[in-house]
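Two complexes, one shared chain (chain A), two partners (chain B, chain C).
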Partner chain A sequence: MKLSTKRSVTAYLFLALPLVFFLCVRLGPMLYMLAMSFTNWGLLRRTVKFIGFKNYEVLFTDPVFLQSLSNTARYAVFGAPIVILLSLGIALLLDSIPKGKGIYRLIYVLPYITPVVAVSWVWRWMYQPPPLGIIDGVLGALGLPAGEFLNSPTQALPSILAVNVWVEMGYCTIIFLAGLQTIPKEISEAAKIDGASDRQVLRRVTLPLLMPITFFLMVMEGIQFLRIFTQVYNMSMQATGGPLNSTKSAALYIYQKAFTNFEMARAASASAVLFVIIMVVTILQIRFFDKRVNY
Partner chain B sequence: MTRKRSILFALMLAAVAFVATAQTVTITYWQYYYESKVKLMDELIKNFEKANPGIKVEQVTFPYESYNQKVAASIPAGEGPDIINLFYGWLPTYVKAGYLEELPASEFSKDYFNKNFYPFVAESVQFGSKYYSVPTAVRSLALFWNKQLFKDAGLDPNTPPKTLEELQAYAKKLSKYDAKGNLIQAGLAMQPTGQGHSWIREVLFRQFGNVPYSADGRKVTYADANGAAALKWYTDLITKDKVGYPNFATDDVTAFKSGKAAMNIDGSFRIATLNAVKDLEWGVAELPTYKGIKSNYASFWTHGIVAGTTGKKLDASIKFLKYITSPEVQQMWLEKVGELPATPALSEKYKNDPVISPFLKGLAYAHATAYVDEAGQRQILVDAVDEVYLKNVDPAVALKNAAKKEQTLIDDFWNN
Partner chain C sequence: MKAHQRTRRWARALPAYIVLSLLAVIMLFPFVWMISSSLKDVTQIYQLKLFPERPTLDNYRYILFSTSTKFPHWFLNSLIVAVSTTVSVLFFDSLVGYTLAKFRFPGKKIIFLLIISTLMIPTEMLVIPWYAMIRAMKWVNTYWAIMFPGMISAFGVFLMRQFMSTIPDDLIDAARVDGLGELRIFLTVVLPLVAPALATLAIFNFIGNWNAFLWPLIAASKPAMFTLPVGLANFSGEAGSDWHYIMTGAAVAMAPLILVFLIFQKQIVKGIAMTGLKG
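Our next item is the complex of A and B:
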């Protein structure tokens, strides 16, 4: 055997292990879930039988599921772009300060490395209505009316969204910063010598060169917000995605169907729907950004 | 001792041990972890094993939060225990799927239930003409009030409200607001997700002249004018009188414990929690009446034998079940865990106990909702209250929606 073949065999061997893992732990259960979504499987039902598309029919006539989908869309459509814009801005600012970069970076990344459950509960407490909540305390001291936050069907979703934006910002800022530091200084300097203003350098040089990173983050954050669960579970009252299902995400709906109602097949069909949505959104993003990333 | 001899001796020992284990039946009992319950059960098991040589009982516990899931995953898989502690509201699901053994009529007859248990117990554990489980203890609701806050508001700390009209008037007097009109002390905690939904469902509806369900529990009948009046009375406390609102100071229990709520409707299971709070002076009274009508909501955790338990294990399980639900154990349960005995006869003894007696009195006229999906049915009524106070929906409309949703849920359960 030639050395090069030997090398590639070794590489394949090492790659085979994750592949086996992927097949057993990811793909296998996924296919099983898909198969189960066409049955009436419930934990507390003795017989499992094939019922065709019945679960999907029930799902798409269930107003709670439809609402959870529209909530999920709102988390993703508002969440991901806001995170990207804010963290890009912060990263650009951080990149331009000469001193104290480390401490600022630490401050911004802190929420991301804190356990989500802890973050959720701290915010849940801060969002409390008077006399306990600190946010309403500050609003009151400023002479402003108290916000209802998690108790209101219109304010609850944005309140949870804001916390998740704050958390994800830490991660995105760090990635953006790393991206900024890979951009050779020579390019922007050359542009400046040619008479480009700071603004032009940003628009024509920095942002295009950051495109691959932005694209990566857009996809990752899109997925992150589409499967939002922990924050909603911990921040909504009684962990039910309330009030009046106004914060319930598709992932929480799936969890409740499976582990409160024990309707496994119903949960499986909802998972399949969420899977398809995430896949389609990701493919669309790839198509859309691919043209812009290659320069 | 020679080598040969010692081997022989060891063999003999092994043989003796083998014979001993062959004669011993080991049964397993599951309940959720609650320290005083687990400790008492250990003691009961010791007593039982002493009285019944040849039977060993093993107690296994799980955290309360995951108990329902653990049970639902284990029993269908055949990995469950022989005897299991279940919430009465879960029984229909388990009985319908055939996961519980019918109790033998020789030991648990109709007469036995009628003689030894409150009527709502027999109603809730009976399916068809068969009985499937039996409880040690039961729970009911009562009005808790904070004596210090009564004093502060100029009310007599030893006279709780006796009617709904008084309750409303007291609640208004006990509510406090800041300069901006934000509630900072609730006169009455309003928490439908806690016991509030039960108070509406089995108490207020009935007091306003409604019967919430048909006798077999399969028809939802609360969406009439009387039911709507009851829901309106409840939600008016939130929207008009502003004496409290859902999730004020986290929830009703936290609010009452921290002196942020002056009154609360809560269950007998809260006694121990409140006893543990330092410097909280509180009292308990029977639920307020309305137009002379008394009502209460009772619930309980109950023990059943898991299907597939046969032969000696079944015999041992029946014996154990009989023991842990005996009046003798019920009394121990009240003293050590604080839960009310399921046998009416025992209540005589505690009729002068200021904390226990309001609950015991309530049991005499209590109803246990025939749940098929406790969490789902609770959510429906919680949503009805939310619709009224968060979205200004007319109580009659909100209630009609709720009844429709609940009826679908019940029909789905019995038809599928």
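Our next item is the complex of A and C:
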């Protein structure tokens, strides 16, 4: 056998099991899922029939699904930019201090490392109405009106969103800070010698150089917020995305359709819709930023 | 003059320190409040005091040793799942990364793209077919059902391929000339060279699997098979207003991660920064 053939055989031996894995556990199930979204598949049904776009038609006339889509949009549209702006500000502050970066960075990233389930229940405890919740306790002590937080259809979604911002901020801060540290100090110093003010250096030098990282984080956080599930499951009453479906995300809708109602095909079509949304948003962002990111 | 400049630099940074410290308090407060609440008994839990008047460890005794909770069991389940998937990911991801970085063979590019493209498939899309699969295979309520989707990670393959490409070819060729088999070269020559990357991958994989919620929630229906996050969610949902128990459970679920975090903080911060910059 030729040497190159022998090497190829070795390569395929090494890759065999992982390839089977990726085909059977990732790509295969996804295609299966797409196919099933065009049938009347259910766990209790014996025969599966092709029914065309029927599931999608029913889905888009379901007010709960539409509500879950608009909630998901709100999580992403508000959540991702807030996380990015806050962590960019924090990273700039951290970069400016002479000592102690490490310890602050460590404190900020702690929520990102801890289990979301545990964190969600801690916040749920803090969000409790008076006299139980500490947040309302503090507001009361300051003479401010108590918030209803998770019990109010208008405040519940922002309350859950805030927790996810708190979780994701440390992650983005670390990445921004790492990015800031790759910018050579000579560039900003040269600009200053040429008479640029601190603000001009920030706007004309630092921020443009951070554009690729900002873009990467926008995509990552956008996806993160579009997929929000665990927080909503653990922070809403009876884990159903209440009150009045006001916090229900698309991912939670899919979970309930599949594992509470056992309407597998309906859930399959909903997850296909979520997948398309995630892909479209990602591609749009890449296109938008491609035009603006320039070195 | 020097000292003067230094004081000015600190004075200028003072507002930044104030903002950053206030923020640090906000970031840490939920953890402090959780621990404070876990040290209060049922008569004190509703008093909004940071330091409990009569701190007690009774809640921890209840969560860890009472026969009416399964926390030690869930803890063990999480450990089994997180450790097994991490060992598997370390082996397979570095093997695939090595093969893709250092071998030349037909179809290499397609295989790489195929693996990387699976990164874009969100878990939410896969849990339903996975559930159909574990029902058909009769895997429901087994460790294998919880673990199998995490046995190999596409992200890890991507990461390891990057690291493997920095290994000089001469080193591998020299080992071949010495007559070592391909698998032995991988295990004894290549792996030790990428030990730091393996450590990073191990830490992140452990954290990810320890915290995973959606799939373990679906894969296990028997309380004895819950992982810690699923057990905690279930326990808390049923505990009603027993917030002192819920906060203690949350503290127990976090403890191992805080420990991992404190030990490996440098690698974790570096690892996050690396994934961001590579992306």
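By definition in this document, the second predicted complex is superposed on the first by the 271 of 295 C-alpha atoms of A that agree within 3 Å, B and C clash if a C-alpha of one lies under 4 Å from a C-alpha of the other, contacts with A are read in each partner's own complex, and residues count from 1 in each chain.
As a convention for this text, a contact is a pair of C-beta atoms (placed from the backbone, for glycine too) under 8 Å apart; a residue touches a chain by one contact, two chains touch by 3 or more.
Note that this is a predicted model, so its numbers are computed, not measured.
Undergrad: Tell me the contact category for A:Ile183 with respect to chain B and chain C: first, second, both or neither.
TA: In the superposition, A:Ile183 touches no partner, neither chain B nor chain C.
Undergrad: A:Phe14 contacts which: chain B (first), chain C (second), both, neither?
TA: second
Undergrad: Touching A:Phe259, do we find chain B (first), chain C (second), both, or neither?
TA: The answer is both, since A:Phe259 touches chain B and chain C.
Undergrad: Looking only at contacts as defined up top, I'd like to know whether chain B or chain C touches more of chain A.
TA: Ranking chain B and chain C by residues of chain A touched puts C first.
Undergrad: Looking at A:Ile51 after the superposition, I want to know if it touches chain B, chain C, both of them or none. Which is it: first, second, both, neither?
TA: It touches nothing on chain B or chain C.
Undergrad: Is A:Ala191 touching the first partner chain B, the second partner chain C, both, or neither of them?
TA: Touch partners of A:Ala191: none, neither chain B nor chain C.
Undergrad: Quick one: classify A:Leu217 as touching chain B (first), chain C (second), both or neither.
TA: So A:Leu217 only meets chain C here.
Undergrad: On the A-aligned overlay, A:Pro131 touches which partner chain: chain B = first, chain C = second, or both, or neither?
TA: Both chain B and chain C are touched by A:Pro131.
Undergrad: Using the touch definition from the top, say if A:Ile113 reaches chain B (first), chain C (second), both or neither.
TA: After superposing on A, A:Ile113 lies in contact with chain C but is clear of chain B.
Undergrad: Scan A:Val281 for contacts with chain B and chain C and give back first, second, both or neither.
TA: neither
Undergrad: Do any residues of chain A touch both chain B and chain C, and if so, which are they?
TA: 43, 128, 131-132, 238, 259
Undergrad: Across the complex, what residues on chain A touch chain B?
TA: 40, 43-46, 128-132, 136, 140, 145-146, 150-153, 237-238, 240, 242-245, 259-262
Undergrad: Any idea which chain C residues touch chain A in the complex?
TA: Interface residues on chain C, with respect to chain A: 9-10, 13, 16-17, 19-20, 23-24, 26-28, 30-31, 33-34, 37, 46, 48, 92, 95-96, 98-99, 103-106, 108, 111, 114-115, 118, 120-133, 135, 148-149, 151-152, 154, 157, 182, 186, 207, 210-211, 213-214, 218, 228-230, 232-233, 236-237, 243, 246-247, 249-251, 253-254, 257-258, 260-261, 265, 268-269, 272-277, 279.
Undergrad: Where on chain A is chain C touching in the complex?
TA: 4, 7-8, 10-12, 14-15, 17-19, 21-22, 25-30, 32-33, 36, 43, 90, 93-94, 96-98, 100, 104-111, 113-119, 121-123, 125-126, 128, 131-132, 134, 137, 166, 169-171, 174-175, 177-179, 182, 213, 216-217, 220, 223, 227, 229-230, 233-234, 238-239, 251, 254-255, 258-259, 264, 267-268, 271-272, 274-275, 278-279, 282
Undergrad: Note which residues of chain B are touching chain A in the complex, please.
TA: Where chain B meets chain A, its residues are 69, 72-73, 76, 93-94, 97-99, 178, 180, 182-184, 193, 245-250, 260, 373, 375-376, 379, 382-383, 386-387, 390-391, 416.
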